[in-house]
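Here subunit A shows up in two complexes: once beside subunit B, once beside subunit C.
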Partner chain A sequence: MAKLSRRAIATYVAEQLTAGDSKKVVLQLAAYLVDTRRTKELSLIIRDIQFYLSEAGAVSGVVTTASELTAETKKAVEKYIKEQTGAKTVALDSLIDPSVIGGVKVSIPGRELDATVSRSLTVLKTRFKKA
Partner chain B sequence: MSELSITELSNDLRNAIAKLETTGNLDEVGVVLRVGDGVAWVRGLRNAGYNEVLQIETEEGIVEAFALNLMEDEIGAVLLGEDSKVKAGQTVRLKGTVLSVPVGPELLGRVVDPLGRAIDGGPAIKTKQQGLVEREAIGVMGRKSVHEPLMTGISAIDVMFPIGRGQRELIIGDRQTGKTALAIDTMINQGKQNTGVVNVYVAIGQKRSKIARLVERLKQEGVMDQTIIVATSPADPASLLYLAPYAATAMGEYFRDNSQHALMIYDDLTKHAVAYRQMSLLLRRPPGREAYPGDVFYLHSRLLERSAKLSDDLGAGSLTALPIIETQAGDISAYIPTNVISITDGQIFLETDLFYQGIRPAISAGLSVSRVGGAAQSGAIKSVSGGLKLGLSQFRELASFAQFGSDLDEATKSQIERGQRLTELLKQHQYNPMSVWQQTASILSVTKGYFDKVAPAKIKAAQAAMLTRLWADHKKDMTELDKGGKPTEEILKSIEVTATATAKGFEG
Partner chain C sequence: MKQVDERQDAIEAAAKAAIAAQASAAESKEEVEALMAKARSEAAEIVDTAKLEASQMLTSSEEKARTTAEKIAAEAKANVEKSIEAAKRELHDETLELIALATEKVIHTKLDKKADAALIVSALKDSK
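Up next, the complex of A and B:
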């Protein structure tokens, strides 16, 4: 049997999950990965599944900030993502990372909004190096 | 449809597209999966296009790469900077452009890298325009036949293998046979003869010291002002070596497309093919003959096809190419040499044996050819070049027989003697290009037999003396001859008189 691409696997799993058959598909995927010795690719496949689920309207993502977000801000971010992606549901995890210094970084499958101070500094650093 | 309604339609469409754009500030991102040997493998970025620039965010700033392998699950991208800064897990963004370099007259006199950044210690280069590194060659209807000469100043080439503006003429030979010297002389000649042709010299994987020496020489000769040098050293990543000729061609195309003339020198395409082989193997593309990838022909054909003579409608500019190929032990039937020979409009083959015999430039009369240059040869040179190539190749053949010392008939003897004189005459020192009148008068003096009594060893001295006398006595005629027209009876007579008179002082 030809090796299935991660894209093909992820599309199938995402379709099954959207159809509501999660238990069966999890078992199927686990069995397939063990059988084909591709368990190392699990994290990549999960990312791909997230991507196809987000295309189907169920977006899950991470909001990274330097300090705790208020519930209000979190709601505003959720609303923004809904507007931008046309998603039906948005599930956001919060991550506190002081290295971003300030601002916010919203990561959803395949896309990112990086309005952090650390990124601005990186861009600035590159620009000065080039000149 | 009136102009107004088209503008309205265009605005309506733009507005409609803007409303449909849902991405907002959400950039498409990917992740570096693994990196090594100058190649990064990236997942995500489903909308990446071939040759599109990717930006990898490292701790020390953004490193750029360009996508070459677009596969179902990942992208193979070649880094344009050091791979030591790039690590797995770093974020990758699309820059939204394919590779482009600054182009324009601001680059003249500068030494730049393949990304258009100054490496000559001068100020940063700011141009009004950018040119695409990869660009489709002009079509048939946009072209015109090659018809104007591009004088190299090397009489052996201008007389026997003339090059026209828009032609691609390969310079091929073993190492240390004077390939680069020919190209440099051609660049110098553009300055000396005030042809207005812009030189673009591409150094692919050459030592920085060699480039520095070249720049110094071009400055001494006063040609640097009309020259752009795109330099890469062996220490640069293979990606930069691969990009160098394409980026330089983009810089040359600016002049071609603005009704000017430019000369590209690719030094050399063997190293370019090797850099591409390295990249292809690291991208895990299947190896073919001599481990080169299957598209190595396309690598050079798409590059050299961009050199062209444009039609009058497009401004009649031109881009001439002198690619250089290094052979191993004179083997021109190896993979890359045969490819480039078949792409170009002729080749100048330099032989090691001739070089060590002191015949420099060591041009092989038998193996060299110019397929389209004949139509571009100036009238003056054409009038003296008939049968020269054939005569010289016959002489070299006969000369090898004559070594056996057998008795030779008079006809053969005279052919050999004429050949010896011609060979001596075509020897030329480096950095010493000759103008049209000098070449015409020199060739005439041997082919018409004015120098028949001059000993071959004294030919160069006789030639110099004759040219000095001609310039002193017939300056007006020679200036007229230099314009390239067919020499008049009067001019021919003055050459005959001067050559015969000069020859008397060099008999022996």
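Up next, the complex of A and C:
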């Protein structure tokens, strides 16, 4: 069996997911990667799938905050992503990380917004330091 | 009589010789004086030249010493300025660290969920 390119795999999976056949395609992908001993490429393939899905209007991303997002803030983040990407649907994974102190970090395929307090403090410490 | 004449001749010859010797002595004296004058002039010239050279050497040494002193002073000044600049930079960076640390401590205690939510909404609006 010829080795499929990562792009071909990602495109196929993205198309199947858009068509709504998620369970089947995920199993297919897992089986294929195990069979071809390419499980190490999983994270890269997922990133590619997310990229193709975002191009098709289905953006998935990770939101990092110091505490749990309220319904209002989650809505604000989704609205922000839609406005920035033109996405029709937004799927968010929420990550709680107290080290960010406050604010929000939004990571979506191809771009990232880091508006956390920890980032601002790092910028303060590094950008204004005299060389 | 002959003897008298011979004596007369001898006296005249002696007188002529004396005059010639006197003239020769005078001439020699002038020559000596001229030589002495020339020697004094040359000596004075040598002394003047030596004085001038000594003066020039002194001036040159003073110039070199001044240049060296100015160079040392300039280097010392540059080193001091460099040290001051480094100290200022260090102080500036330490102040930044302290500000960041203090801000972090204050935010940790002051930023509740409501304030954080407002901060998130504000940040999203600002980044549009």
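Criterion: the second predicted complex is superposed on the first by the 117 of 131 C-alpha atoms of A that agree within 3 Å, B and C clash if a C-alpha of one lies under 4 Å from a C-alpha of the other, contacts with A are read in each partner's own complex, and residues count from 1 in each chain.
One rule holds for everything that comes next: a residue touches a chain if its C-beta (ideal position, glycine included) is under 8 Å from a C-beta of that chain, and two chains touch if they have at least 3 such contacts.
Owing to the predicted nature of the structure, the values given are computational and were not obtained by experimental measurement.
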Original post:
After the subunit A overlay, clash or fit between subunit B and subunit C?
Top reply: fit
Original post:
Which partner does A:113 contact after superposing on A: first (subunit B), second (subunit C), both, neither?
Top reply: both
Subject >> Contacts of A:5 with subunit B and subunit C, given as first, second, both or neither >> reply: first
**OP:** Identify the partner contact of A:77: answer first if only subunit B is touched, second if only subunit C is, both if each is, neither if none is.
**Re:** second
Original post:
Is A:19 touching the first partner subunit B, the second partner subunit C, both, or neither of them?
Top reply: neither
Original post:
Once the two complexes are overlaid, how big is the angle at subunit A between subunit B and subunit C (Cα centres, nearest 10°)?
Top reply: 30
**OP:** Go through the superposed model and pick first if A:129 touches only subunit B, second if only subunit C, both, or neither.
**Re:** both
Original post:
Once both complexes sit on top of each other, what is the least C-alpha distance from subunit B to subunit C, rounded to whole angstrom?
Top reply: 5
Subject >> Common ground on subunit A, meaning residues reached by subunit C in one complex and by subunit B in the other >> reply: 83-84, 113, 115, 125, 129-130
Original post:
What residues on subunit A touch subunit B, complex-wise?
Top reply: 5-7, 44, 47, 51, 83-86, 106-108, 110-115, 119, 122-123, 125-126, 129-131
Original post:
Which residues of subunit C touch subunit A in the complex?
Top reply: 89, 92-93, 96-97, 99-100, 103-104, 107-108, 111, 113, 115-117, 119-121, 123-124, 126-128
**OP:** Sort out for me which residues of subunit A touch subunit C in the complex.
**Re:** 65-70, 72-73, 76-77, 79-80, 83-84, 101-104, 113, 115, 117-118, 121, 124-125, 128-130
Original post:
Across the complex, what residues on subunit B touch subunit A?
Top reply: 22-30, 33, 43-44, 46, 57, 60-62, 72-73, 91, 93, 117, 124
